[in-house]
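Here come two complexes built around subunit A, the first alongside subunit B, the second alongside subunit C.
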Partner chain A sequence: MKELKLMKGNEAIAEGAIRCGVDGYFGYPITPQSEVLEHLMAEKPYEKTGMVVLQAESEVASINMVYGGAALGKKVMTSSSSPGVSLMQEGISYMAGAELPGLVVNVVRGGPGLGTIQPSQADYFQTVKGGGHGDYRLITLAPAFVQEMYDFVELAFELSFKYRNPAMILSDGVIGQVMEKVEVDDYKPRWTNEYIRENFPWAMTGKTPDRPHVIVTSLQLEAAKQEAVNLRLQAKYKVIEENEVRYEKTMCDDAEYLIVAYGSSARISQKAIELAREQGIKVGLLRPITLWPFPSKAINEMSKNLKGILSVEMSAGQMVEDVRLAVGDNVPVEHFGRFGGIIPSPSEVVEAIKEKIMK
Partner chain B sequence: MKREDIVKPENLVYRRTPVLTDNVMHYCPGCGHGLIHRLIAEVIEEMGIQDNTLAVAPVGCSVLAYNYFDVDCVEAAHGRAPALATAMKRLRPDQFVFSYQGDGDLAAIGTAETIHACNRGENIVMIFVNNGIYGMTGGQMAPTTLEGMKTATSPYGRDIELMGNPLKITELVAQLPGTYYVTRQAVYTPALVRKCKKAIRTAFENQKLNKGVSFIEVVSNCNSGWKLTPVKSNEWLEQNMLPKYPLGDIKVPEK
Partner chain C sequence: MTEEIIIAGFGGQGVLSMGKILAYSGVMQNKEVSWMPSYGPEMRGGTSNVTVIISDERISSPTLNQYDTAIILNQQSLDKFESTVKPGGLLIYDPNGITHHPTRKDINIYQVAGTDKASELGNAKFFNMIILGGFLSIKPIVNSEFIEKGLQKSLPERHHGLIPENLKAIEIGKEIVKPINVLK
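Showing the complex of A and B:
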């Protein structure tokens, strides 16, 4: 039975977690995402599905609780905002190295440093280029609607377990705080310990005489073995890049110009392309839903028929680099952004189209 | 009398516990880690809980502990073992969960995780091996390094004014309401080995009661880091470590 609810993006993350059968949430308060933990505590999911919810002493502890839970084959997650997610990078790298599934939600705010509590998209590099140490990738989903905040929790776990790789929902303060209607599902039961034992031989379920003991580690002291680990990871990342790219196109069929934007910038750009078309400018919108893997092929294909591309981001220009890598010299690519917590208006975006790519 | 006449089950007085793997330990000859591993493994064997014990290894000399304990193991980031163990026990309350950490791991970089796991009263066993030095990285000063003690990063001896005081974290966690059993042991004589094993057994038995953290500090040696022979290092331990870190129970459950 589907049910409609009005809720904040952050609450949708929490509700999505409970209803899709997440086993554990470990988090620490930080604006603008504290409603995730607040909603979980208020909903008492331990009575509904048996889900564990714990307020940790820090984001460092949170991510390491997630690491511990993930080692057991459990669906575990945390959420935070930019400064807190910076603290989690070590644990994320360990999880990537140990090939553990798990979900981190980043409701991004303006930086650097303590920055501001207002929305931003300036954690793009941190998320898709590394953040933590070593060669690793995070499966990154970018919701643009409160409904997607809800839906992507389950999707993130599906992909995360499919590839034994941590996943990130890269949101921002707008999507976290805005209220929209959300279609929610019935409560799905959590996986049983028996199911985990049968399906995830890599998980710590208690050593039984029928199998060797499980070791979850990211350590290989021999360089040759560590290179082998890296080669295996790179091969996995290639499969993900080939199979898991997700994006959405709006008014692209006759477009001469293209905006590439994700998350709340995509919402603003949606309005901007409507305004631009009223002025006779044929502009479309490509919204990456996965930021890694990035829809490079789709953007490259489209670029051949375009006169210019504008990357609209609430940052000083981060995703624009991936757009440029995707299109090469096919077409000029420019960036438009407001940052430090400022949200651009649709008319500013229209002006940017005229000034930056229609010259 | 032939060999076959002697090697019979009824004549067995000692054997290696099957809860330790066949892997050759990397520990320096004379180091206490091997003994402490064995005691934990023997307790797991004697309690019959090998199938439902989950171990958390640290960063430090015992980083490879997962190669030796024949139970499911995870290797934590430096200092974070109590955070992992917290989630593991809460998600699998049917399993026995223990963490194994050294002094740098538990009492320096992981102090916050240690204090809060203890304060929340997580139903876990925490094994804390204190040898007053960072062994794996080459003998640097640890939070528990004694005043005046020479290490690679206190080459003229630990100067309290310059480098701060040794941290008695075991006394500190004993103050917290979430710890149920806190004790300090050592393993440098046969009698102490037996006592330490008893304490480890008590700690694991406590986990059935769901009463909070059982915390065991084992004051141990580091003959390579201390630059002493194994025998001399044990003498040094007794003469120098024990006055600062006296053995015995610090917090025992009220009867």
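Showing the complex of A and C:
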């Protein structure tokens, strides 16, 4: 049965984890996402579903605990904010290399360095262009509503296990801190060890007579074999790019101009397009829900009928590069952003539309 | 219907909890709501504010720079937010400690002497409910039965005994609200 709650985005991450049957959470507190761990501790899921909640000694420890749990075929996750997620990059690369599922939530704050505790979207490059070393990709979901913070935990695990690839929920301080209505599901039971043994032959479930020896590693010293690993990863990424693109279009049917924005910037931009349309400006919004794979095709197709595109981000201009790659020379693409923890106002975005793409 | 509200005052004045009660009441009445606090260093003392939006439709931006209503509880917040009220909008403030009163003529302005009334009643804790009552008397965006349900949801169970007094404080707020500038 569905139940209605008023929750912060961070609490919704925690609630989503408990209710979709996550096995373990390992994390270390950092503003603006500490409510994830706080809510988990308050809810005591170890008494409800048997889910483990552990405050690790550091972010490095957290991600390595996730690696360990994932190697057993368990649904395990961590969450942090920008400086903490930087510390996790080695572990994320190892997970991608060992083809382990798992979820990392980044509630982004302003950087670089320790930066500020206020919202930002300046970790886009780190998330979708690597962050860690090697040729790998991270399935990246960008929630814009508290409901999506809740829903995307389950979705991230679904995709992550389907493709044996780590997933990231890339949020920010706005969506982490805002309280909205959330419809929550009943508690789903965690997977049994039997289920994991039967469904995930790669998982380390103990050597039994009917099961071959399993090694989980990202190390392959022979170059030819490591190239084969890379080719397999690239083939997998291609399948993901073909099948898992998600986005939402708002007021695009008659649009002459388009805003591309994700997460909280998409919410602010939605208000901006409402205000702009009151002034007779025909502008629509395309909100990427998956940042990798990026909705390049959808943006490219739309761009042919547009006069200009504005990428709105709380960064100095990161996603705008992917928008430009998507549209080529079809139409001018400009960037508007505030950064370092400043949230742009809807009216600033309207002004940016006029100044940057309507000239 | 969409009502975009900023509530601002000192940390510890119950700014965030007033917003939460309003938001919960909206949920109980099956509205869309959003409650977005300023969570910077100011939450540790200093000024604190929260944006509450209550609507019949899906809410776009949870952060705004113009509001239908500003509920103001100290001078710094008045200085900061008076100019952000939309023309024709509403500004409600507690005159306690205010030396520079609002001057705009294109908005509705009301005073609710919540601080004085709460100390007169002997319980400073109900101050924010008195202010909330003042707001609801001018803009009854949620019905009182849903306010009661909102209080039940937002207060921890050990404080449920205080709900009747909270409701009474809201009623007192409705009685003492004082018009300063009312548009025709």
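By our rule, the second predicted complex is superposed on the first by the 359 of 359 C-alpha atoms of A that agree within 3 Å, B and C clash if a C-alpha of one lies under 4 Å from a C-alpha of the other, contacts with A are read in each partner's own complex, and residues count from 1 in each chain.
Please note the rule applied: a contact is a pair of C-beta atoms (placed from the backbone, for glycine too) under 8 Å apart; a residue touches a chain by one contact, two chains touch by 3 or more.
For clarity, every value in this text was computed on a predicted model and none was experimentally measured.
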Following superposition onto subunit A, is the placement of subunit B relative to subunit C best described as a clash or a fit? fit
Could you figure out whether subunit B or subunit C reaches more residues of subunit A? B
Could you tell me if A:Ser58 is touching subunit B, subunit C, both of them or neither one (first, second, both, neither)? first
Under the stated touch criterion, which partner chain does A:Gly110 make contact with: subunit B (first), subunit C (second), both, or neither? neither
Which partner does A:Glu90 reach: the first (subunit B), the second (subunit C), both, or neither? first
Tell me which partner A:Lys181 touches in the superposition: subunit B (first), subunit C (second), both or neither. second
State whether A:Leu6 touches subunit B only (first), subunit C only (second), both chains, or neither. second
Consider the C-alpha centres of subunit B and subunit C from the C-alpha centre of subunit A, and write down the angle between them to the nearest 10 degrees. 120
First, second, both or neither for A:Ile343, with subunit B first and subunit C second: second
Which superposed partner A:Lys271 touches (first subunit B, second subunit C, both, neither): second
Check the superposed model and tell me the shortest C-alpha distance between subunit B and subunit C, rounded to whole Å. 30
Do subunit B and subunit C touch any of the same residues on subunit A, and if so, which? none
Complex contact set, residues of subunit A against subunit C: 4, 6, 31-32, 117-118, 173-174, 177-181, 264, 267-268, 270-272, 274, 343, 345-348
Per the touch rule, the subunit C residues reaching subunit A in their complex are 20, 23-24, 27, 32-37, 39-41, 59-66, 153-154
Under the stated contact criterion, what part of subunit A meets subunit B in this complex? 23-24, 26, 52, 54, 56-58, 60-62, 64-69, 71-72, 74, 76, 90-91, 94, 98, 193, 204-209, 213-219
Could you list, by residue number, the parts of subunit B that touch subunit A in their complex? 21, 50-54, 56-57, 63-64, 66-67, 69-77, 80, 83-88, 90-92, 94-95, 112-113, 115-116
